[in-house]
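You will see subunit A twice below: alongside subunit B first, and alongside subunit C after that.
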Partner chain A sequence: MTPAPLGQLLGALRARLDAVRGVVGNRQVTDGGTVQRTTSDLRFVAGLALGLYVLFLVLSLLGGFQSAEAVTSRLQSVTLLALVYVMLTLALNLQWGYAGLLNLGVAGFAAVGVYTMALLSLPADGLGLGLPLPVGILGGFLAATLLGALAALPAIRLRADYLAIVTLAFSEIIRLLIRSQPASEFTIAGQRLGTGGTDSLDLPPNPVKSLLYENPDQGAFVAVENPTVIGDRLFTAGEAVGFGPSLVERVVYAVLMLAVALLFYWLLVRVGNSPFGRVLKAIREDELVASSLGKDTRRFKIIAFAVGCGLMALTGMLWQMEGGGSTAPTTFEPELTFFVFVALILGGSGSNTGSVVGGIVFVAVLLEAPSFIQRIVDTQFGVPSAPETLFDAFTGVDPFLGYFLSDTNISALRFIVLGAVLVYLMHNRPEGIFGGRTEIASPIDLSDRSGTEGDES
Partner chain B sequence: MSDSRQVGADPDGQADAESNTDETGNRRTAGETILAAEGLRKSFGGITAVDGVEFEVERGTITGLIGPNGAGKSTTFNLLTGVHTPDSGRVRFDGTDITGWQPDRIARQGLVRSFQIARELEDMTVMENVMLAPPDQFGEGFWASVLPGFRGRVARQEAELRERAWETLAFFELDDLANERAGSLSGGQRKLLEMARVLMTDPEMILLDEPMAGVNPTLEEKLLDRLHELQERGYTFLLVEHDMDVVMNHCDPIVVLHQGQVLAEGGPQLVRNDERVLEAYLGGTVES
Partner chain C sequence: MSTREESGGVLSSVELNPLAVVLGSLAVLLFADLGRRLVTGKLPVSTLATFLWEGVVFGMAIGLAGIGLAMTYSILQFANFAHGDYITAGAFTGWLAAFVVAGLGSFGLSGLVLVSDTVPTGELGINVFATPLAVLVGLAVASASSAGLALALDRVVFKPMRGARGISLLIASVGVALALRHALIVLFTGSTRSLTTDVPGQTVAIGDGSVTVGAHEVTLVVVAGALMLSTHLLLRYTKLGTAMRAMADNEDLALVTGIPTERVVRTTWLVGGALTGAAGFLIALESGSMDPTFGWDLLLLVFSAVILGGIGSVYGAIVGGIIIGITRNLSLVWLPSELVLVGAFGVLIFMLLVRPQGLVGGVKTV
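Now for the complex of A and B:
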């Protein structure tokens, strides 16, 4: 994969985008018609998603997926990951895109959410306190919010770079703490608790499991014998199209995730189109101006940062509880934070719709497409192996390509593509796909002047 | 509070002017000090930019602050508005010791400043720049911005502010540019926007650092008229300005800074004839 087709894709997206905006050129300003814009933005995103589904369908077929179940299963995992990135990117956009707060601890705050929830809601005879899942989720959210505020507090009054360093360090400390021997299992007041250390930790059954099974915590094989009324209906429907119960469960979960992602978007668009969002933007542009106009910039920064961290935690929990429902510290390496930043920059920092598009495009094109392509190569050219000799490597073109796309190299390839995309973006569209568009921070149309000449109300 | 003194809005301002006259009158006859710099000192490395500056500003005046380049005028502004903390000395505003306060708190107290080099919020529109300024905006609360129940109230306040913003922009002849990025404005327009923004905060006292620099003469006249109009309504100004015509004709009293110290202080007549002042300006004759 070279930057050229990607460039074309971006070009096409941009053209479509301008059509959505109804403008030509970079720096056009849309009016404050928030509802209208949101609708057309959502339509654009839906179109993009549809296009990508068609693309991935074709790629799956080329890659030799045999059944509808297999294809759907694969597309579900792409969808879920895309939604996870959309949500993380939206949260980061509140911090970095709006308020200019450089949070290099995205992974850490997600981890705080996941592990706090686990400690609170895992069974009391296991490693948790046995509290109900909603309490666990709320606890995870609040823990990340609070830690976000605490981590930011000393740094937030200093320059942006300090916050970056503090959050990066925080994120790594959290991850190492989770991995550490003492944290893996400990006892407080007779209660056994733990993070599972470097091993993966099974999480409480997710809400969709509770919706579909009478006894969601008895393991998949037992649970499936005892569906709820809703579960029964859905499983029967799934059977009709050849989907097993576990796939039905995952599809329902993806729908739930979509609903939460829409909620994130709704929330953050509202924040953005408000006087609160206006102050955040002012802080990003020039904090001294904002404070010279009487805005308590520290309050705004702490709230934006804490809320963003809470949303990251929520995303992390929903992500890790899906499917088999287990988590591990390796999920929360700094790489995750880096990826979310790439998604945000790709989509256009400062734009909520841009964050959504960035998350989707990043996952589809950069994270998932390479493995689809690898699979196609596998099926077309047989099982790849490393060339035996240098001579082989150069004469046998196909095995070489196969080797290049083998499992071990796919992540390396990913990074190469990523680098190419970043360089391309920096040169050609530094503001990202949706960046450079001024989304006016107000709930009303500020260009409306009707009140001025008219009578007083 | 925004009802009693609407800045930029209300072009004829009859009701306001009337309701403020006696209040203002009282204050002015009382000769009350609104702002006092008491022995302010600030050095950067080896340079002592402000070296024991001491002066008072009387309520309802347009006080001039002049001095050659590097005299310490902008630094004094920074000390008064909390951008820098003085090494020693105190700042008193409206009877309150505000030394060491954060800029935002000082601004909320009613002391607002403009910057010598206009600092626009470039990626925001001109309109957003102006809408940012008003104090006590309900929609600046996180919950108010998010929860459905509050949204109506936020929108209503926004509509009121929008009206005022349009009037302010019209006064500064920026209304045609309202929806442009502030970063696309010319130098002079930036200074105007800066002033519009300051007025929208509804302050009690305004510190202006060379507000007319780069503004065309016609508009400059208009701005000066507006300053006097606001002065009538009880606002106080501290004005840094290099144009001696403007200073001599519009400011009273005048404080002259030189090398971080107050060189002279008094009415235009007094300052104009002060030997030391003439010398400080390196023989530059001060025209009457």
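Now for the complex of A and C:
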């Protein structure tokens, strides 16, 4: 590609971004209603997603994925991960963007949800209580909400950086407890329960399995022999385009996740514009003023924190139940929390649309693209086996490039880039891609003074 | 009116106290149980003494590592999440130097420079008695490199953000932590490598058993103690120390008085970084092995120490470190070893909730 079209493309993108941000030139466009803005935001997100799909399609083809099934499978996993991060980022935005509460325990609260659900809904002859899955999911949500409230209740009066340390310690305690020997299997009142310790724990079959198979409890190979009516239709349709049953199941799951993510977005936009959300924004801007106006700021902050924790748990459960449906304590290391933070800061804290864009861009560009690029370089240039150490890479006959493209190093390089991006953002654009947009706390536009000006002139 | 205020005061103290009372009585119960175990002989005195000694050793290391964190916390007013990786970076460069000094000529340079796990440490034979020079050079290089790294990162990352809110600095430091840790993984590979050969320890008979006191444990305690004492002298009796304390107290006032605040900030990073690097080197020396994430894994413990002692207080960090070290090892009496960190983090949360100003008590002495 020559530089000129690229520049044009970037210019067009920036104009589009500015239009969505509500800034043309230096003037604020007052379009009044939130509905209009939400629609245009959704259109922008859809456009962004479409553009990324095209990009990843090209990347997968270049990377040597030939069949439609392989490409779709790869795109499905990127989509699912993007949706997970969008949902986690939205939940974190409620806490950090709206209420100004720095929660470094995202991973811990998600883990509470997942493992509570497992304890409640795994079969009674296994490690669980054998309750229906909806009860388990509700239980996981409530457990995380309650723990969130419990953690926030005393910690909320602390300084923001203390809260950060408390939540990080809290999340590590949860992870250490889950993976400990005593918790891996214990018996209460004759009922065998457990978290599986450091091993991975099989979760109850997800709702999509119940939708597609008559006997979702059986292994995938057996269950596929006996599909439901809907399952049968979908599998036949999948066969027509060359998709196996397991891919059909995963695509349906991604669609379900998309629906839940949209629900999250709608819910959080509603919350943001509700009287409750306006108080939260007021607290974020100036807590003293909010409390002087008679608002019980502590109560508002605790509720926002607890609900955010519950949403994180819900996301965690839906994420871990996908596909094979197993979970492990390594999933919930503090890295997960920092990833979500980078996504939120990238998008712009305080903005729901920003959270969505941040989640998508983070997963696409920072998490997933490197492995695609690694694969492309591998297949196109045929890099020989990676040298063992950096020293060999410099001195030996082995290529320099190969060292940095080995699996462990590409993952490490990704973290280095992540760190640099975070520092760059804090230096140059602490408000994120969408943070420059002012979300007005009042339902009517206070800056629009045309009426009073008209009277005076 | 006054009665209402009074009842309000009582109410608020009651509101705060149940937590403190519950947790406090829990602590009393634990100590009673400890006494019971000692009397009934369930817990031999020698085992308890071993726990305490190892706790003190570990606590000195954490306390030394915590001084740097407490210094930057009090002068720059932010929680530096990259501090754990400063520990690791210092340890790696220090051990690089120690390996080169001990093994140059007998082993391939590439393995030595990368502190590689392919170097047979048994033959390299680093310990305080066999290769005191390598250990000394390593300690010096670790301090110098961590100080240099802290200065460089301050110049690139934190200096452009002077005056920003503590939270922005905290988030930037998370970025630094991620990048630094994984840069070390790319440079040195992520493997766990062993570093030293064992030195026979001195056994001290206590009660019905004995406590083994290792040479590297003593080295750690002595060096850390000496460094802590020098920090105390530096802060107490030099102009620089006075300037640092003044700045921690009130930065604007310090600037008005003519203290070159920017230079004090640089010196803070320098001193804090050097102590952190030394701590990293000593921790690796004592445990005999390291990997590129060990500093990060210690970070929450260092935070615990600093918060326990009262954020921003150097003496608090030292006291806090020793308490955290003893807590971590003493909780082995009740908890399985994989859960001892839970005990230490529990102390951290308890402290933040009950007495956020720390043990030393809200006075920022640097």
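In this text, the second predicted complex is superposed on the first by the 398 of 457 C-alpha atoms of A that agree within 3 Å, B and C clash if a C-alpha of one lies under 4 Å from a C-alpha of the other, contacts with A are read in each partner's own complex, and residues count from 1 in each chain.
Convention: a contact is a pair of C-beta atoms (placed from the backbone, for glycine too) under 8 Å apart; a residue touches a chain by one contact, two chains touch by 3 or more.
Model, not experiment: these values are computed from the prediction.
Of the two partner chains placed by the overlay, neither subunit B nor subunit C lies in contact with A:346.
Judged by the touch definition given at the top, the superposed model places A:269 against neither subunit B nor subunit C.
Applying the stated contact rule after C-alpha superposition, one finds that A:282 touches subunit B and leaves subunit C untouched.
Contacts of A:201 after superposition: neither subunit B nor subunit C is touched.
In the superposition on chain A, A:86 contacts neither subunit B nor subunit C. Taken together, the two complexes place no residue of subunit A in contact with both subunit B and subunit C.
Residues 102, 154-155, 158-162, 164-166, 168-170, 172-173, 176-177, 179-182, 338, 341-342, 345, 388-392, 395, 404, 408-409, 412-416, 418-423, 426-427, 430 of subunit A are the ones that touch subunit C when the two sit in their complex. Within the complex formed with subunit B, the subunit A residues making contact are 27, 29, 31, 267, 270-271, 274-279, 281-282, 285-286, 288-297, 300, 303, 307, 350, 438, 440-444, 446-449, 451-452. Here subunit B touches subunit A in the complex through residues 81, 83, 102-105, 107-108, 112-113, 115, 119-125, 127-128, 131-133, 135, 137-142, 144-146, 151, 154-155, 158-159, 162-163, 165-167, 170, 175, 178-181, 184, 197-198, 201, going by the rule given at the top. Contacts from subunit C toward subunit A in the complex involve residues 19, 78-79, 110, 113-114, 116, 157, 160-161, 164, 166-172, 174-183, 185-190, 300, 303-304, 307, 336, 338-339, 341-342, 345-346, 348-349, 352-353, 356.
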